[in-house]
Amino acid sequence: MFHHSSKLQYQVRVDKPDPIFAKHLQQAIGGIEGEIRVAMQYFFQAMGARGNPKYRDMLMMTATEELSHIEFLGHAVALNLEGAPVTTQEMAAQDPVVNAILGGTNPRHILSSGLSAMPVNSNGVPFDMSHVYATGNLGADMLANATAEAGGRVLASRLYNMTDDAGMKDMLSFLIARDTMHQQQWLAVIEELGGMEGQLPIPNSTPQEHENTEHSYYFLNTSLDEPTPEGRWTKGKSLDGRGEFSIKEKPEPMGQNPDLGKARPGTGTQMEQQK
Amino acid sequence: MFHHSSKLQYQVRVDKPDPIFAKHLQQAIGGIEGEIRVAMQYFFQAMGARGNPKYRDMLMMTATEELSHIEFLGHAVALNLEGAPVTTQEMAAQDPVVNAILGGTNPRHILSSGLSAMPVNSNGVPFDMSHVYATGNLGADMLANATAEAGGRVLASRLYNMTDDAGMKDMLSFLIARDTMHQQQWLAVIEELGGMEGQLPIPNSTPQEHENTEHSYYFLNTSLDEPTPEGRWTKGKSLDGRGEFSIKEKPEPMGQNPDLGKARPGTGTQMEQQK
Amino acid sequence: MFHHSSKLQYQVRVDKPDPIFAKHLQQAIGGIEGEIRVAMQYFFQAMGARGNPKYRDMLMMTATEELSHIEFLGHAVALNLEGAPVTTQEMAAQDPVVNAILGGTNPRHILSSGLSAMPVNSNGVPFDMSHVYATGNLGADMLANATAEAGGRVLASRLYNMTDDAGMKDMLSFLIARDTMHQQQWLAVIEELGGMEGQLPIPNSTPQEHENTEHSYYFLNTSLDEPTPEGRWTKGKSLDGRGEFSIKEKPEPMGQNPDLGKARPGTGTQMEQQK
Amino acid sequence: MFHHSSKLQYQVRVDKPDPIFAKHLQQAIGGIEGEIRVAMQYFFQAMGARGNPKYRDMLMMTATEELSHIEFLGHAVALNLEGAPVTTQEMAAQDPVVNAILGGTNPRHILSSGLSAMPVNSNGVPFDMSHVYATGNLGADMLANATAEAGGRVLASRLYNMTDDAGMKDMLSFLIARDTMHQQQWLAVIEELGGMEGQLPIPNSTPQEHENTEHSYYFLNTSLDEPTPEGRWTKGKSLDGRGEFSIKEKPEPMGQNPDLGKARPGTGTQMEQQK
Amino acid sequence: MFHHSSKLQYQVRVDKPDPIFAKHLQQAIGGIEGEIRVAMQYFFQAMGARGNPKYRDMLMMTATEELSHIEFLGHAVALNLEGAPVTTQEMAAQDPVVNAILGGTNPRHILSSGLSAMPVNSNGVPFDMSHVYATGNLGADMLANATAEAGGRVLASRLYNMTDDAGMKDMLSFLIARDTMHQQQWLAVIEELGGMEGQLPIPNSTPQEHENTEHSYYFLNTSLDEPTPEGRWTKGKSLDGRGEFSIKEKPEPMGQNPDLGKARPGTGTQMEQQK
Amino acid sequence: MFHHSSKLQYQVRVDKPDPIFAKHLQQAIGGIEGEIRVAMQYFFQAMGARGNPKYRDMLMMTATEELSHIEFLGHAVALNLEGAPVTTQEMAAQDPVVNAILGGTNPRHILSSGLSAMPVNSNGVPFDMSHVYATGNLGADMLANATAEAGGRVLASRLYNMTDDAGMKDMLSFLIARDTMHQQQWLAVIEELGGMEGQLPIPNSTPQEHENTEHSYYFLNTSLDEPTPEGRWTKGKSLDGRGEFSIKEKPEPMGQNPDLGKARPGTGTQMEQQK
């Protein structure tokens, strides 16, 4: 069950409201790299966690933290929108260049939300929950979470670079720090369970006989004119310790020439396809 | 530039067409765990790859392979749909229980595609390209790719369990094998670049002073009644080698009580909010 | 800031797992009538609440409650999925009619989530955040919230009718009760602020001179052959106390015949449109 | 059956074409607060209306009116786009600041629609029909309709404030007026049917024994540190006349600690989850 | 301006309600081949029609007809849903096989719409307005419309084959007929304007010097192992009368090896990409 | 099976990087008129092609070409983004008007993709695969493809007009040329199969008795006040050679007054609807 306390997890200060930066910050709320995504992803993973219950707890605790991130980011957006002109008089009172810059704001911050945060990204596209990755497989989910936090920290760093508001920089430096931890905590689960050698290939419970292992460890060079880019993935023991990496170049098709024959009557096709 | 040869990458055989399994297979084509996603993800990452060009080549080669996976899966769907009844006479000729099972097929496989594969998942929801994760950051992208392949192999294993058609099992055992390789090849890039210690936190180019490092290495227990789930993430050196994991329990909010004050006139709010 | 306690807000018991009912329950999680929607709607309204701060508090408190509803519903879905057959052997062990019924389950409950809840509706369509209605206008938002809760209670009642599992009925009778309260609490805000007479028309701050009031109080009968359906809306004082309802039948267009003239060169139109 | 007359329902005049305002106006066509939504919402509600047929008629008549609103708004968008520069020569002929402002237009108004209205919102996001709320329950639908019209009038007022084109202001003052009426006409249905006391809780046909009424009338304070925001919803008779409002503070969870145990073999989970 | 008469454009009779067929019929309402799409497509094309005003009239008249098609199809869906069981008692009263078939219905027809039509397709996916194709170019729009009607008649024929309800067959035979006309009326516009020779290439107003005509008339064989499929498109005068068709086999790339070099500092990339 | 060669199909040169033009170019990648759409559309049509196999080959060859178009357009976007300012220092170094123009860029080109192409349109809306039109009917698919290429050439022409970069103009003149060919090659299939007379109405395999031919050849004038727009579609032999065009004016409804009667108990409706 969830509870709430009235203060924000972290201090939010906006020295100079900037409605364009408000638009940019939306990416950290409703973007695929944003906080709604991770909050919901960890929440749904927790609800489906089978096996050792400590992973469920871990997921739910961080889901709860991410909800608090949405909250302070939402406040940051609203503060950046304070003072955005909402009438033609207010617009006229501003410098034409500033006015031009306003063309770069999200119009729905005025028209739809009345100067408040929205669950959308920096293009105004609403977040959709298909981005909540929760497979029921602990290994796949941990990688998905590390990915989400990597994207999140990349985003926070880019936002940091794009503002010179001291309050915003301070808030983003907190987010950058938490994303550092969150990247590592999910990968630490994999390390604890035996590292890549123990966890790969995911799912590690697939019986060996379900896999055509002759195709499991070669890098396929599908290029007609490029040499194989060599590296850790083309030689040496595979990361799961079960095979040896190799290279397969200029592969020949192993399958048939696909052919579906004629269309049946009654299928709504052209007559010519049925003959 | 792309080229094509007329045979499939791998042999597709369907011993007993099964339109419900055709619906299930769609998840491997148009699901978030499917082949359109990885083909497009590696393609867009390749087009944006900066730095050592061998990663671009690697991405483009595997993108090309994934296009071939879409192709043979699409053929598998069409073969499973062969013989699905399309008229009431054909339906009536079938056993009522079989008929009932048909209620479980994707109606658009008859109505919209005429017994062919579609770029949709097993619920009939079209794939959308927001799932193409390509950040321009090599580390984030490699994790995203390993995640995608982990989800893909989980899916292929589940599909394998749900059919007893020998041809389909054979095709899926090939996919399971390729997903094994693909999981590892992306993680091998990280290993080659110094492993987690070298690559974390992502982006590893963020200047230290942009991060409020006091918050970078503690696990936050946001639960009111649960002890912290302990593990690799709560003690010991952090995976990036820069810090020491610790625990922060029952955290107090560090921020203010958010307050936006009154609404301004002209904002389309109720009068009571402006007073 | 959010916190969590480990127990569910309400007891969840499933006497006889039913994967089809699991699919139906998803509507209460990820449907437009579901709990993700209200949790996020009240959360975003709270973050944008201007004016009397007690409405912000009220919104945030109920947002927090709705998060707890997602949590126990998610558990209910997972419990209903326990025992769903995931291999052909398990399927074969079941009665063919039961097996046929399984055609009615959400395939992604096996393929994608591994027998866990997903943030999707009963068609498997992911929830998208465009359904978070938060205008910054207190009156509009209160109506939106009462609407959401009305839809929610309609849904919970329909789900109640479709199961005879005692545990599920008990859980739904709790949801039905909370939806009763939530419908009323949002409408009670309107009552407290002077009722419909005080709050209508929304926004009540729009200056009278921005409204062409000659068109504000007639019901427009656009039918060519039906008499006006008469009722409270066709006669008597308007609900905002500012006008008198009336009827306008068989209205004549008041505007011009629209005409855009020729297309300009350089607009990518056919030549014939430019002449 | 529908018919059409060639003139617009209301006069549209644009004194000074403004392609940025065209982008803003799109919110009134294809936004969730816009006319496509209400036209389709009333249309689908009408098609599903059971009970007294006068409500069906009422819904269909207003659906028809809203179609006419789309029509004149679409003309207004096209007129505002007249004269937008479509070639680099035309762009160069303009003032650089004006040019900069053009960065704020919707590029698809040139690239995709050729200077015409589109069924998208002011971010260019297409309207999707999931926003057509039609439950089959008259009470829920009337609230949904009043909500839609409240959002619509808020939007029209905000648009009014953002233009100083006399023609556009005139057109918007008509829309503001019709939204006034439409808000009231749907709420008048509820009043006619006995008001909130008669219609709440929606659905009012749910048998009392389906509701755990012990939880029906308290406001739940889920905050750890805030006093309950008191008001009409915390004391006095409930709006449905069936109960008495009260407060429940610092609620304890009533449910169990959720636990799904181990994962089954064959579910595509990691081995560690199955042990 | 739109008007309405109370009777349906065409008689709707359902002899034996069939909730699965109701689900299928939804494709004709809210599918990409359905009536909402064409109604809105012709409506938006009409609003943007520049040039000879008779095309605007034609578009608006048929848009209006399509609205009437939505209306009678919506009634057909509701009639097919009459009698669908909504309680466990009603379900139990039915034959288990029939019951199994019910697994194939759209659950939201009970849960969300209360036995009424919805603006969704046969998978329950809501229609979205990105499918309204309106380019402002008359030729492109006429092809888009003929395409939509071709898809529509294919769908109606498939639906016809899947029902043996005489009333439904009668209604569909009307739709099949109107789709026949509509396919032709849009193509007749092209014929009237000089046929393919006059209208191609679309847009026919693009200046010749904007086109690298050396690449305008060859069919590109990108296959490594297949001979060119020969036909009308590989030899003879081109359909626009401006060129001669030819074949280009095994094409060599004409462009460079793409290279983006190093990533800049400050771009949120990994350090290794910046060196 | 697919293969790749490392060079681009066509040379890409950007003389003066322009991040706003990068945003515009996205329409040609991820817009409904763009290359992802046609690549995937031809690919899925090929996989479902029944009948003469040469059409399958033709579709697959052109699908392969379109993949190469995505590739060089993606490079063009990345080159146009080179030099876009990513830090406040870089922004400050620029002219304020230029800076203002930057408000018109896609913020996700910096925040999400790190200066690379994305599978989105010029509004930043991701492409979704519902736009892949593949009906299994050759005639319908050929029209859909000609439509897609018409939209594509309209778009390429508009983009050509909006840039004065010589490199971009050169690349677009190649695209304009290939779209010329592609429009024609699909229509040439129809010509080869007997032209409109042979292919219409689509599907031409629908038995005559499934069509209520009395309604197949009249243009329906649904306007109350406009004369019928006359043309090729109102008189003369129909394009399929089977009928004679005519006009039907001021049509009377042929159907009944729809009536669904009362709602059943247990349907979650208001009590008043059940009486």
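Just so it is clear, A, B, C, D, E and F label the chains in written order, and each chain counts residues from 1 on its own.
Definition applied: a contact is a pair of C-beta atoms (placed from the backbone, for glycine too) under 8 Å apart; a residue touches a chain by one contact, two chains touch by 3 or more.
Since this is a predicted model, take the numbers as computed values, not measurements.
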Going by the touch criterion stated earlier, list every chain that contacts chain B and also contacts chain E. A, C, D, F
Overlaying chain A on chain E by their Cα positions calls for a rotation, in degrees to the nearest 5, of 180
For the copies chain B and chain C, give the interface type as same if over half of its residue numbers appear on both sides, and as different if under half do. different
Taking contacts as defined above, which has more of them, C-D or A-D? C-D
Which chain's centre, taken as the mean of its Cα atoms, is farthest from the centre of chain A? E
Between chain A and chain B, what's the gap in Å when you average each chain's C-alpha atoms? 10
Distance from chain E to chain D - Cα centre to Cα centre, in angstrom: 26
Distance between chain centroids, defined by C-alpha means - chain C, chain F (Å): 32
For chain C, which residues are shared contacts with two or more other chains? 1-9, 32-33, 47-48, 50, 57, 60-61, 64-65, 68, 71, 75, 78, 86-87, 97, 100-104, 112, 114-115, 120, 123-126, 128, 130, 135-137, 139, 154-155, 157-158, 161, 202-203, 206, 222-224, 226, 251, 253, 255, 258, 260, 263, 266-269
Chain contact graph: line, ring, star, complete or other? complete
Chain D residues touching chain E in their complex are 1-9, 30, 36, 40, 43-44, 47-48, 50, 57, 60-61, 63-65, 67-68, 70-71, 74-75, 78, 112-120, 126-130, 132, 134-137
Using the touch definition up top, name the residues of chain A that touch chain F in the complex. 20, 23-24, 27, 31-33, 97, 100-105, 121-125, 154-155, 158-159, 161-164, 222-226, 251, 253, 255, 258-263, 265, 267-275
Residue numbers on chain B that touch chain D, as the complex places them: 154-155, 157-158, 161, 266-268
Using the touch definition up top, name the residues of chain D that touch chain C in the complex. 3, 5-12, 32-33, 54-55, 57-58, 60-62, 64-65, 68, 71-72, 75, 78-79, 82, 86-87, 90, 114-115, 125, 128, 130-131, 133, 135, 137, 139-140, 143-144, 146-147, 150-151, 153-154, 157, 160, 169-170, 172-174, 176-181, 183-185, 187-189, 191-192, 196, 200-203, 206, 210-224, 226, 228-233, 238-240, 245, 251, 253-258, 260, 263-264, 266-269
For a test of understanding, state which residues of chain A touch chain D in their complex under the given definition. 1-7, 47-53, 86-88, 91, 96-97, 99-104, 106-108, 110-112, 114, 120, 123-126, 135-139, 193, 199, 202-206
